[in-house]
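Going by the order they are written in, the chains are A, B and C; count residues from 1 in each one.
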Amino acid sequence: MKNGKLLAVDNLTKVFTKGQGLVKSKIEAVSKVSFDLELDRPEILTLAGESGSGKSTVAKLILGFETPTTGSILYKGEPIANLKGKKDFMRAVQPIFQNPFETFNPLKKVQSYFHETERNFTQTSPGQYPLTEKSLQLVGLTSAEIKDKYPSEMSGGQLQRASIARALITNPSLLIADEPVSMIDASLRMSVVNLFKTLKEEAQVSIIYITHDLATAYYISDRIAIMLRGQFVELGSVKKVLDNPLHPYSQLLKTSVPAPDPRDRWTEDIALSDLETKEYTRKGCKFAGRCPKVFDLCHEQEPDHHAVDDRLVKCHLYA
Amino acid sequence: MFRVIRDLYVNDRRFTFGFTVLVFFVIISFVSLLSPYDMRAWNAVPRYLPPSAKHPLGTNSIGQDIMWQAMVATKNSLLLGAIAAAISRVIAIVVGLLSGYKGGIFDRIVMVMTDSFIILPMFPILILIATILRSSLNMVVLGVVIGLFGWAWDARLFRSQILSLKEREFTRTAVFSGLSTFKIVLTEHLPYVFPLVMATTINNVIWVIGMEVTLSMLGLSNLNTPTIGTMIYWALQYQAIFLEMWNWILTPVTICVVLILGLYMLSTSISEYLDPRTRLQMIRKG
Amino acid sequence: MAILEVNNLKAYYVTHTFGRSSTVRAVDGVSFQVNKNEIYGIAGESGCGKSTLLKAISGLVKPPLQILDGEVGYNFDDERLDILSLRDDRKRRKLRGARISLIPQGSMSVLNPVRRVRKAFEDVIYAHLDVSEKEFEELVSRHLLALGLDWTVMHTYPHQLSGGMRQRITIALSTILRPDIIFADEPTTALDVVVQRGVVQLIKKIKEEQQNTLIMVTHDMSIHANLCDRLAVMYAGEIVEEGDVQSIFSAPKHPYTTMLLDSLPKVGDSSARVSAPGAPPSLVDPPEGCRFHPRCPHVMERCRVESPVLNGLGNGHRVACFLQEGGK
C-alpha cells in the first residue's frame, strides 16, 4: 500500500491513570500530538522539552511499548498497532536508548546483540557476521574494541556508538533516539551527535531525536518540536524556532540554556513552578501559571495551533 | 566451572566448609551402597555392642550396625532432598518466569493459584497425607509430595525478579534484536534470577531434610527405610537417651546438624558469589 | 586568605573480592587553595576523581576509600583544622552543617521519603543549636522566605514535590546554619534546564546573602561559566589547569581544557564541532607519564615518560603541561 508519509502521527493522546481503588488521577502524558515525516526526504526531527513533557512517551508509543489512548500512528500507511512486535516493522524502525550501560545486559557480551540482530533479521551464514563489521565501521568502532567485551569494560561513548551500530544492522529507515547523549561525557558527545548527522546525510536514515539539550538539537536537526506537558507548543525549522522563538515557553527554554561563556551570564531571575501535577491538570493553556505574557483568555481556553511564519505555535498571542 | 569452585574454595571459608561437608556426605552416600547388611533387617548383628573394630560406631538395640545405618540414612535423606528440591525448583521457575513475563490475566490467575498454595497449612496436610499413605510411602513418593509444597513461595520470588527485569532497557534491546520471548527470558533474565535459584535450591534442600526429620520423628513416614529422621525415631523409641546410648542417638543428630550447617554455608557463599553486583566487580578487574 | 588548603592529597579505593584486589587511584596528588568568599569550581568528566576529591575534603572517608597521603586544612576565623586527622567523630559532626555543609547530588535520596520535610529541618537544627520550638519556627520560616519557599512545604512528604522543589529544600537544609563553606556536588545534574537555572540562581543568592565560600563540583562547563570565580579542571585524578574563569574560557592552556571547550555546542552556533578522540583512562592503571598523552594532539616524547606538575603562569593561572614550560 503506497502512502506518501514515512510516519504519520495524528492527534496522538496517551492518558496514564495513577493510583488504585478509590483514589485515582489521570495524567495526559501526551496530548493531541500531530506531525509527519516524509518518505523520500530523510530528516532529523527533534522533540525537545523538559522532564514531564511527554517526549519519551511519544517514543514509546511509536516503538510499540505503549498503546495510544486515542489518535493514530501510521508507519507507511499501516497503523503501528498492527505492526508492533513484527519483524518487518522492527527491521525498519529501531531504538536508541538513553543509558548506554543499561542498553546492553551487563552480564552479557556486547557482541551477542550484534550477532542476534544479524541472525534474526538478515540472511547470513552461521558464524559469519559481515553486517556487524560494516556497522561498526560506520560508527567508528573497530571489532577489536567490542570483541569479547562486557558493557562495563567499555566507555559510555563507545557503548552508545555500539548501540547505534546494532540498530543500523537491519538497515532501518527510522531511528528513534531517546536522549542518546545525555549520559555521555561532554567531550565525547559530539562524536555521537556528528554520527547522527552523517547517518541522515549518507545512509538516508530519518531520526527522531529526543532531548532536553537545545544546543545539540540546534546543531543537527532540521525541524524541532518544543513540548510542554504533553503538547506541542511550537513546531518548525530548527533555525527559525531557536534563533527567534515565538512561544513564551520556547523563549524561556532558550534563555535558560547556560552558555559555555563567562561573558554571557544570566541576568534576569525567573519564577519557578511549584507542583508539576498542577500544571498538567490546568484548564486552558498549560503555561499560563508562569507565562510572562499571560492574559485572561489563557486561563480559560486551550489555544489552537496557529500557523505563523512557516511554523505552528500553540499560543493565543498569535491568533 | 572448576576455576569457579577453586576460587571459592580458596577464598571463602564458608564455601570451604560447606563444600567439604557436602562432598564428604556424598561420598558416604556412595560408600553406603557397599553396606554388608540389609538395613531393613533387625537383629542382623548382636545388639548393644559398644564401638569396636568390626562395628566402629557400635550397634543399636534393634541389632543394626550404627555406622552403616547412618551411611544409608544419609544417602536416603540426601536423595529425598534432591528429588523434592528439583521438583519444586522446576515448578517454581516455570510458573514464576512465565507468569511474570506474560503478565495480564494469565499472571493474575496463576498468582491466585500460587497464593492458595502458599497459605495452605503445609504441616497438618503433610501429616494427613503421611498418615494416609503410610505404608506405601517410599522416598520417591515422599519427595514428590514435599516437592509439591515447596514451590509456591519461590515462584513469587522469581516472578518479582522478572517483573523488574522486564522493564529494563536491555530487555527492549533484546526485543528489537529479534529475540523470541523464550530466548529473552532464558538468556537475558535467567542470569539474574539464577543466584536466587541457587540459594533457594539449597535452602529448599535444607527445608526438605528438616521436614523429613520432623515427620519421621513423629512416626509418620515409612519407618522401615533408614533415614536420618527414622534413625532418631527408633533411637527415641528404644529410650536411647535414658540408656545413655550416645552412639545411637547422637550419630543421626550430629549428621543432621553438620549437614544443614554445611549446606547453609554453601548457600550463602554461592549466592554472594553469583550476585550480579559481585560478578560485575569481578568483570571489571578480570 | 585561604579558607581551605589541600596539599598533595591522595585518596584511593582499595577493594578485595574473592581473591582479586584492585586499587583505584581516584585522587592522585591534588593540591589547591580556596579563598574566603569566592566561588571555586571543580570541573571534569566522569571518572576524573572530582566526586572522590569532594568526599575526601569534606571528611566523608569510609572504606573502601582510603587517604594515603596529604593534608586538608581549614582556616576558620577562630581555628585551624586538619580534617583528616580528626579522630573524634563528635568533632566531625559538629562541623557538618554548621561550618561545612554539602549539597549533594540527587536530592531524591537525601530526603527521607517516609518523613515530612519538617523533620529534616528539626534534625539539622536541634543537632547544633539549643533553641525553643518558637525560635526554630522563626529561623526556618525566615530562611524559607529568602529562598522563595512556602511554609506549607514543611508538612509535605518529599515524593509530593517536584525535583526542583526537592533540590531547593536540600539547599535550604544545607544553608540554614549559615556554614562557612558550602560544597555542592553536581546539584543541577538531572534537573531540567529551567529548574537548573532557578537552582543556580538560588545558590548565588544565598552565597551573597550569607557571605560563605562555595565549592562547586560539576562536569557542566556552562554552569561553571555562569557561576564561578575560579575554576580547576581535573583529569584522571589530577588537576591539569586552574585559574580565574575568564582566562580559562578565553585562553585555555592545557590541551584537555581546549579540547573540552571546543567540543561544547552552543545554541545559535552551528559551526562544526569535534569530539575528543579516545576516552578517559582507567584510574586503576593510568598511562605512564602525562595521563593525557594518549589523546593529546601536541604530544611530545617527554610526555610519555615524565609527569608534568602544576606550574604557575602568573596571575594565578596554573597548568600541568610541558608545552608551557618553554616547550623543551
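What we mean here is this: contacts are C-beta pairs under 8 Å (C-beta built on N, C-alpha and C of every residue); 3 or more make two chains touch, one makes a residue touch a chain.
Model, not experiment: these values are computed from the prediction.
Of all chain pairs, the one linked by the largest number of contacting C-beta pairs is A-C. Chain centres were defined as the mean of their Cα atoms; on that basis the chain farthest from chain A turns out to be B. One finds 32 Å separating the Cα centroids of chain A and chain C. Each chain gets a centre from the mean of its Cα atoms; for chain B and chain C, those two points are 53 Å apart. Among the residues of chain B, those touching two or more other chains are numbered 284. By the touch criterion stated above, chain A contacts chain C in their complex at residues 50-51, 155-158, 185-194, 212, 214-216, 218-219, 239, 242-243, 252-254, 256-266, 269-270, 272-276.
Those residues of chain C whose C-beta lies close enough to touch chain A in the complex are 45-46, 148, 160-165, 168, 192-198, 200-201, 219-223, 225-226, 245-246, 249, 259-261, 263-270, 273-276, 279-280.
For chain B in complex with chain A, the residues that touch the partner chain are 168-170, 172-179, 187-188, 191-192, 276, 279-280, 283-284. Chain A meets chain B in the complex at residues 63, 65, 85, 87, 90, 94-95, 97-99, 102-108, 112-113, 116-117, 119-121, 150, 152-153, 163, 166-167.
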